[in-house]
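A short write-up of the structure that comes next.
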Amino acid sequence: MRAVFHGIRVFGSRALDRAEPLIRIIIYFSGWSSILFVAAIFFFIIKEAWPILPQVNWGEFFFENRWLPNPAEGNAPVYGAAGILYGTFAVTAVSMCIAMPLGLAAAVYISEFATGKVKETLKILVELLAAIPSIIWGFIGLVIVSPLIQNIFNVEIGVNLLNASLMVSMMAIPLIVSISEDSLRAVPDSYREAALALGASRWEVIYKVLFPAAKNGLLAASMLGVGRAVGETMAVWMASGGTESIPDEFSPMILFERIKAMTATIASEMPDAAHGGEHYMMLFVVGIVLLLISVIINVVSDLVIKGIKKRNA
Amino acid sequence: MSAADQPFTASSHERRKLLREKIVRRLMLASALALIIPVVTVIVYLFVKAAPVLSWDYIFQNPGPLGKTGGIWLPLMGTFYLVLVSLALVAPVGILAGIYINEYAPNNWLTRAIGMAVTSLAGVPSIVHALFGVGAFVLTLGLGKSLMAAACTIAVMTIPVIVTATREALAAVPMAFREACWNMGATKWQTIRTIVLPNSISGILTGVILEVSRAAGETAPILFTGAVASVAISTETFDRKIVPYDLNEPFMAMSYHLHVVAEKISGMPEAMKFGTAAVLIALILIINSISITLRVWLRSRKKW
Amino acid sequence: MSENVHIEFNNVSVRYGNDIALDDLDFQVKRNTIYGVVGPANSGKTTMLKCINRTIDFINSAKVEGRVTIDGEDVSKLRNVFALRRRIGMVFPLPVGLPLSIYDNVAYGPRMAGIHDKDRLDELVERCLKQSVLWDEVKDRLKSLGTKLSGGQQQRLTLARALSLEPEILCLDEFSIAIDPVTTMKIEDVLSTLKGEMTIILVTNLIQQAQRISDDLMFLNDSEIVEQGPTAELFANPQKELTARYLSGEMG
């Protein structure tokens, strides 16, 4: 029996070695394939929107708040996406206001104050939090948070900017926590020890020494959080109310307005858009805008992180 | 009494600093807890509200008409096969790409471009992946709205997950091992297949489990590429029960099913909505717990 | 070209980008001798070894000029570089046990070369472990993990691995840095007997070690050869003042 296993191992060993040139080719192609896929994503999305691109009224698209793909009888469809752009921007801004301080504070606690089992447990909890899918948050927003908001704040609608932002922040926080914690951990202990030896309190060490030292990583964490918020679909869609509007005045009440984000627009309208039609293609145009924003954010934050890695190496 | 008289007593300035530090520390802990406690509460609430429907029957029965009654077997199976097929597609490519980047790639612009491509892929919003899936798989490749098209879309979306996990696992193997092998006349591939890969399996496995979790939970990428609210499939026979779907047909999935029962159907019993949510989140939490347990267990068995 | 010359460097220069690592090295190593190479840190000793088995190829920024020959053949022209590396055993400063069993550690090289016959491998493993004075300590636990051995044992394991392919050349790069004096002495004794079977290049920063066991000696400083010749002569009658100062322990 053992002889058989040995024989198989030897044969497998020899076969794998003789196949090395072929295996090398496969490995090289797999490596280059990621570039292929990114290019493919750009290609296919632009391809579906291609016929309409020359005719898009970009001024209307970016500055008019009238998204009417199916207007009343006799009127031409209008694709003014200002309201939708506002929706994405508003959700991102509000959710970042919640997520960044909370995420940073949690990261500082885990990195600087928590020890041993507590630290391990917290890190695991953050990981599990990160795993909760978007649809669950959307569900929670729709079914649990919405009535809560209605009761606590005495408003009519529970699915609104506040709700959506809360849900999106819950998705962005784990990302911010883990990257911030990584960059805080990367600051050498000698910095902390030197500051403490000079009489600084723990808080002063964090505020005056660690934050400046880790600022690139913290910046990158925030940017990735923003990227997450911009790209979120299901959580925003189910918790946001589905009507785009840009408020006239800047008051806390805007938190309770319904909004519509770019991602949600695509998700909700695509099933009804006639394939190949104008509406269909305009949705792909929104997709292009989304794609560009996300890729830029990700590439820049990656460069920022690489900047730190090079300095720490 | 000044500080000079009593060297080890805190001055008033220092006492204020200590107080500030205490406050800050409490605040930080509070924010960490502020995250966790609501989430745990919400999840418990989910399960409590789902309790009326949760039973083995619920899991093994198909959804009734409009999903108002019955169970979640078909969506559960749909998610299962979606995960299976997407994993079969992405794992080889992702692992080999990770091997290329960490072991073979020279230090030039092309390699940096590949790294950037993987990062960009990770940043693409899920709905954009759906659009890509429609353009590339549903339409151009002619797969139509199907399990295959959705699996392909998920596969492309999770490439960065597998690649990054593989790269990190490979990088954790010390360079000294590789050099020792090369000096004995082993080729790069021999070194990889005998020393580097076997000692990276745990990290790669972590990436695989992460992919499984993403594939099970994502909704947006499968929205237009294959998930539907209901299918006309009978699962009377045993083999139909185990393998209800064809690769080229649309399918039901847990994530999409939750979306449907939560919003799209009027008169849906509350418990049914919560039931689907509870099963889905239980699934995700179990998958991720396996990953975490695996990591902890393997760390204790370190070979060097 | 005398029959006795095994390895030869002809005007070999190596640059890493703009940094000069080796400057116009020219020397010969006679067959079945121990050729010592001494010099301070960063003088180019490791680079020189890398040129012999062409592991310099792995460093992208390295540019090599000149000829390195083994038995008259230019190593850079050899088609099968892996076969070349199998003819040369390498021992590095830091002990490295592969994360395999002790048996598999020593059998690794032969297996990668295509030798799978169990009896032959058994005999090879035993012989190499005996040669590197490790057999007695590990013969009852050949299946245990190589990485769990002590530093001195791992270095002997590395030596056993280097010997497993029955090389014609053995190169040691400051092998005694991370191990205890007792193990060092044991290995030095082994080297003296091994030179009957192979040619040995011993790079070392321990001057007494070079004096003890090497037949010929080269003093490398700042990427160039200061002086070379039979060991006894270099110690008794150094031609350059730098050599005298280094060999007496004044510098480096």
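The letters A, B and C name the chains in turn, as written, and every chain counts its residues from 1.
The rule we apply is simple: a residue touches a chain if its C-beta (ideal position, glycine included) is under 8 Å from a C-beta of that chain, and two chains touch if they have at least 3 such contacts.
As the structure is a prediction and not an experimental result, all values here were calculated from the model.
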| query | Based on the averaged CA atom positions, which chain is farthest from chain C? | reply | A
| field | Identity of the most central chain, Cα criterion | value | B
| request: Identify the chain pair with more contacting C-beta pairs: B-C or A-B. | output: A-B
| said: Report the inter-centroid distance (CA atoms only) between chain A and chain C in whole Å. | reply: 54
| Mean-CA-position distance for chain C and chain B (Å) | 49
| query | So, what's the distance in Å between the C-alpha centres of chain B and chain A? | reply | 15
| Hey, what residues on chain B touch two or more of the other chains? | 187, 190
| task | Please list all residues of chain A that touch 2 or more other chains. | result | 17
| Residues within chain C bordering two or more other chains | 112
| request: Flag every residue of chain C that touches chain A in the complex, lowest number first. | output: 111-112, 114, 116, 118
| field | Residue ranges of chain B touching chain A (in the complex, touch as defined) | value | 17-18, 20-21, 24-25, 27-29, 31-32, 34-36, 39, 42, 45-46, 92-94, 96-97, 99-101, 104-105, 110, 113-114, 116-132, 134-136, 139-140, 156, 159-160, 163, 187, 189-190, 193, 213-214, 216-220, 223-224, 255, 258-259, 262-263, 273-274, 277, 280-281, 284-285, 287-289, 292
| field | Sites on chain A touched by chain C in the complex | value | 6, 10, 13-14, 17
| For the complex, which residues does chain B have touching chain C? | 106-107, 176-177, 179-187, 190, 194-195, 199, 303-304
| Residue numbers on chain A that touch chain B, as the complex places them | 16-17, 20, 23-24, 26-28, 30-35, 37-38, 40-41, 44-45, 47-48, 101-102, 105-106, 108-110, 113-114, 122, 124-125, 127-129, 131-136, 138-140, 142-144, 170, 173, 201-204, 206, 227, 230-234, 238, 263, 266-267, 270-271, 283-284, 287, 290-291, 294-295, 297-299, 302
